[in-house]
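In the two complexes below, chain A is the common chain; its partner is chain B in one and chain C in the other.
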Partner chain A sequence: MKNRKRMTVAVSLTLIVLFAFTFQAQAGETYKLGLSLAITGPTSDAGDPYSKGVEDYFNYVNDMKLLGDDKIDCTIRDDQYKTDVTKRNFEDFLDMGIVFYLNYSTGSTMALKKDFDEEKMPTIPASFHAGNLEGSTYIFLPIATYSAQAIGLAEYIVKNHKGDTPKVAMYIHPSAFGRGPVSDVEKAVAAGLKMEIVEVVEHGTDLDNTAMLQRLKSKGVQYIISQTIQSPVATMLKDASRLGLIAKTFGEKGKITFLGCHYTGGNDLVALAGPAAENFFWTTSYIVTSEPGPGTDFQLSLAKKYGRDEKTANSHNYINGAMVAQVASECILRAKKKGLKITKESLYEELLAMNGANEFKTVTTVGPVTYSKTDKQGVDTLQLYAVKNGEFKSVGKPFIPEYTGKIK
Partner chain B sequence: MSTNRWLATGNYFTSYRDEQRIFFTHLDRTIFTFFLSLLFVWPLLFAVSNKYMLVIDNILIAIVAIIGLNIVTGFAGLISIGHAAFVGIGAYTVASFSRTLGDSHVIITHAWPLMIILSGLMGAIFGAIVGLPAMRLKHLYLAIATLSFQMIFSWTINFLEFFNQGQTIPVSRVFWFTGKLDRDEHYLFWYYVLLVVVVLSGFMVRNLLRTRYGRCLSAVRDNDRAADAMGMHPGLTKVYAFGLAGFFAGMAGALHAYVYRGAGFESFTLHHSITYLAMAIVGGLGTLNGSFWGPAAIITLELQVETLAEHAGQIFPSSWNLATALKPFSFGLVIVLFLMFEPRGIANWWRIVRSYTKLWPFRY
Partner chain C sequence: MSYFFQLVVSGIVVGSIYALAALGFVLIYKSSKVLNIAHGQIIAAGAFIAYALTGMAGIPIYLSFFLSMVITFFLAMSVERIFLRRLIGEPIISVIMVTIGLMSILDGLIFLTPFGSVNFSFPRFLPRTLISFGGVSISWTQLVGVIVTAVMIGGFSWFFKKSTVGISMRAVSDDQFASMSVGISVPRVFGLAWATAGLSAAAAGVIIGNITGLNFETLQAFGITVFPVVILGGLDSILGAVVAGIIMGIIQQFASGYLDGNWGLNGTAEVLPYIILLIILLFKPHGLFGIHEIERV
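Let's turn to the complex of A and B:
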């Protein structure tokens, strides 16, 4: 009797163990990814929605079983825009055994460039600085570089300006992030782009730009291209509005037309600058929610599914984050379909193969994502937007700047 | 001197030489040796992740820097709010060689001990130059002079193309007898290097304080006119205090560049100078062991607040910006609380513990 009881216990325990292992095997694999970014501190107004975009898209992949039983586990860490903390986070992620890394700032991407190469870690940063790609093998930018964006805006100025050579000023962030495109725009001018760069202004934390605007006006500047974040642009636009300097139409004589790259625009700018944001021209590779379409529908439904507030749902940085998560998920999916083991090496190869017939089409960008050994810039296409009645509306068709190829 | 060389329940000094001893009893020496051995042995017994090893390395780097700050501000009483700039001088000395010769040049990768000393010397030169106004300036005016050095440093690094306009200048991994260090060895290797530097620096300063030059620092701090009347040279003392502080800061900077494998402007801002001051205050100004307590306490606090802020950010709406506010708030609060309730810093708690154990079982 006693033996029988023991036997029953042993058999049931064995069954439990077997069941547990079988269940585990059926549960699929978990792929670890890491994201370090500024959820708090400087630039967190962009970092916060970006992190939510990444988080929501990976949750969406897991919930919708886009990878079958396999799951993505992306650890998101706040680095407060400090490179030292990013470094620490990255070391932690490496110890966790990540197969794909998402980074954020220009400074930390440049600082960790060697680590990415040494670890052969495919990395997509939120920074579109062209310098990230110099001397790097494993960094892939999600969309066109800041340089391409600034050159795209410069080309638009040259094409649509009436009269003599347009006089342009650049208003930039006092860092590598801001300075990056200046030399490339200068190269484009040297290569034949007919415009004059009158002055490059590195902004500080000034709350009043009156003197700067008056100085630029006195020098005959008609266009200001901004490469910074939204708040200094909003301050400048408000001052320009107060001084009556904002052009009501593109290139209006005697006034200034304001233009900016990806991180200068979006709904946050409209919220910060109010009516002064009217007629601000902005370029990015993302589709914005003020333009109806499948991209907007997807963005809003994703945000709604995960209970995001309206501000986050409509942020271009939310979809910016979701898009890099899309690219990472797509790499995993493609490698899985080929029956490859999901490793950083196989995902790197998948990124390199993302071109031609294998380009990745996503509804949230204005062009396909393409990568190769010589092209580490994801979406090459840009869309120009302008604020009309408090909303960003498309201006013309998506385009690829001509001079980016000419200055290489 | 007590007849029992192991335990001395009180002070038995009969000469100045007795009072100047580094270890008062055999027990002190044994405990110190045991503790030091423990610091060398524990990483071999317990596997620590690279993340935490980096944190520990960071604490040790800060200790080297604070030893310097304590000389100038603690022992000599000269306020310096540009200490991060001196650390930056050290880091950018290594970075300049890296930029000029290439980051994998043998001088960078093989002659790294030389680079660390050279960086210290560069820090000392800049320290002595910045210390020159100290011959004429005091208190708030001197603080402004050191602040202006921080500003000049910021501008120079941020705008000069040679310094990559503040972007990180890479520094390659170094070589040891076993060959080029790989990622798994990197932080552990630098832990040992840092530990050696910290121990040597500690003994250096301890010995300095036993000499007339060390006593000059305290004399000038307490009353420079009286020190002058006693035959000391207050001006020279102030300049060499700044020079010495610059030397330790420069070494800390070089070590930072090697550990982080690069030098970028972000690590040497005014905010870092204030953080160094906070470390010195929390640790205990004018005490050697305060230089160890302060960095350990502040960096640990930062880590804990970071974790707390991360959790707070998940619970509370982001519009509250609670997570952003938490760090500066807790940092400020700790400094204020220490200034109000324990201006002598953690070092004083250590002193109380030591005197209690020394007198035990007697109360006095």
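Let's turn to the complex of A and C:
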């Protein structure tokens, strides 16, 4: 009787274990990813919506079963824009067994470049600094570099300026993030782009830009290209508006036309600068919600599905994060279709194969994502926008800057 | 010549706002010899309270401005009551370390609200037209900033010189034990010092927020930006904060207007105030108007 009881318990336990394993097999695999970024601290106005975009898109993949029974488990951690915290987060992610890593700032991407290579970890940062790619094998930028953006703006100035050689100033963040594109724009000028860089201004925490603006005006500067974040640009625009310096039409004589790269623009700039943001020219590879289309419909429905507020839903940094998550999910999907085991190595190979017929068309960007061994810049295409009645509206068609190829 | 005068006027405007932001440091130091490292966070809190009242609750901006000062007055008083009251009589360095911790706590609390990572802008309530005279122009926002600064600094100067409470605050600053022996309530004075600092911080926050827009990082950074002003003026002098603020403002504008972009120089407006500060401190280690104490043994 006792043996029979023991037998029943043993059989039951075996059945439970077998059932558990069968259930687990049916439930599919879980792929671990990591994202470290500034949800609080400096630049968190960009980092917060970015993290929500990543989170929502991976939830969407899981909820809509885009990977079948397999799931993505992306751990998102706040690093407060501190490189040492980013490094610690990355090391924790490695212990968790991640197969793909999403990073954020220029500083931490540059600092951890060697770690990514040593770990052979495919990495997409939110920084579009061209220097991220120098001496790196495993870093892939989601869109055109800051250099390409600044050169694209410079080319637009040269093409649309009436009169002598246009005089341009660059207004930059006092960091690698801000300084990055300066030398590349200078190279483009040396390579034949007909404009004069009169001055490069590194800003501080300025309450009044009168002196700087009037100095540039006295030197004949007609265009200012900004590579920084929204807040200093907003203060500069307000001062320029007060001094009556903002050009009402592109290149208006005696006035200054203000232009900026990805992180200078978007709805936050309009929120900070108010009416002074009018006629600000801005370039990015993302489609913005003030230009409705299938991509922005998807963006807004994704934000609505996961209960995001209107501000987040309309943020270009929300879709910036979602797009990076899209690329990572697409790599997993493609590797799965080929019957490959999902590892950092197989996902790296999928990124490298993302070109030609295998390019990845997203509806949220103005061009396809293409990567190869020699091209680590995802979306090469840019779109120029200008603020009209408090909204960013397209100016012309998407373009690829010519001089980025000429200065390589 | 109008360029020169424009730089002078811009320098005075910026300097006045620096002085207002620096006033909070001075008010606390003047009565307790404590340097409040979390002052930038209180400036930001004041600005966000005003925005919440006007942008979210729909209260008119002028009333919101006043209410934000009242709320920040009590907020700063509560901070002193909760975190710093127990440290009366403890070494000053311990209190300063607590204010560093306080900075982290306030940072964290603000990041729990939408204000930590979302940008906002005050609704426009002043005319967009310029005030121009002799080729020099300033905006209404800047003019209001200068007027508010002048009123507050004048008010606090009177308060410390003429009112009984103000004199008792100066007495506590001089000697806590002697003050207690003549019946002054030191805890009450400390609470009041923090509260008045909160009041001035809210005013500074609203004015800076009107100029730069409401971005937490930008607002709280002014706690550090005005530090050279506080040191140069002499930590315990209201007049010193004003003079040093205007000196710093004018130096920055002149550096930006005449040095930057010439002779390969760039960013001098950020560096020059610190160089001038170091030079002045070599000759006047207690700042321009700071009290030089002599201890006889």
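Heads up, the rule we're going with is that the second predicted complex is superposed on the first by the 394 of 408 C-alpha atoms of A that agree within 3 Å, B and C clash if a C-alpha of one lies under 4 Å from a C-alpha of the other, contacts with A are read in each partner's own complex, and residues count from 1 in each chain.
Assume a residue touches a chain if its C-beta (ideal position, glycine included) is under 8 Å from a C-beta of that chain, and two chains touch if they have at least 3 such contacts.
Everything quoted here is computed from the prediction, not taken from an experiment.
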Checklist entry - Clash or fit: how do chain B and chain C relate after the overlay on chain A? => result clash
Next on the checklist: Quick check on the superposed pair: does A:391 touch chain B, chain C, both, or neither? Answer first, second, both or neither.
Outcome noted: neither
Checklist entry - In the superposed arrangement, which partner chain does A:47 touch: chain B (first), chain C (second), both, or neither? => result second
Checklist entry - With the two structures laid over each other on chain A, which partner does A:272 touch: chain B (first), chain C (second), both, or neither? => result second
Next on the checklist: Output check: A:207 vs chain B and chain C. Expected answer is one of first, second, both, neither. What do you get?
Outcome noted: second
Checklist entry - After lining up the shared chain so the two structures overlap, which partner does A:219 touch, if you call chain B first and chain C second: first, second, both or neither? => result second
Checklist entry - Touching A:231, do we find chain B (first), chain C (second), both, or neither? => result second
Item to check | In the superposition, chain B vs chain C on chain A residues touched | outcome: C
Next on the checklist: For A:114 in the superposed arrangement: first (chain B), second (chain C), both or neither?
Outcome noted: first
Checklist entry - What is the contact status of A:174 with respect to chain B (first) and chain C (second): first, second, both, or neither? => result both
Checklist entry - Once the shared chain is lined up, is A:186 touching chain B (first), chain C (second), both, or neither of them? => result neither
Checklist entry - chain C has the stretches 61-69, 97-105, 133-141 or 223-231; which one runs into chain B? => result 97-105
Checklist entry - Can you list the residues of chain A that meet both chain B and chain C? => result 39-41, 44, 48, 174
Item to check | chain C-touching residues of chain A, taken from the complex the two chains share | outcome: 39-45, 47-48, 174, 198-202, 204-208, 210-212, 214-216, 218-219, 230-231, 234-235, 238, 242-244, 268, 271-275, 311
Checklist entry - Once bound in the complex, which stretches of chain A touch chain B? => result 39-41, 44, 48, 77-78, 80, 82-85, 87-89, 91-92, 94-95, 107, 110-111, 113-115, 118-119, 131, 174-176, 179
Checklist entry - For chain B, which residues count as touching chain A in their complex? => result 49-51, 54-55, 58, 158, 165-168, 170, 183, 187, 260-262, 264, 266-267, 306, 309-310, 313, 318, 321, 323-324, 327
Next on the checklist: With touch defined as at the start, can you tell me which chain C residues reach chain A in the complex?
Outcome noted: 3, 6-7, 10, 13-14, 17-18, 107-108, 111, 116-121, 124, 128, 130, 137, 139, 142, 208, 211-218, 221-222, 225, 252-254, 256-257, 260-261, 266-267, 269-270
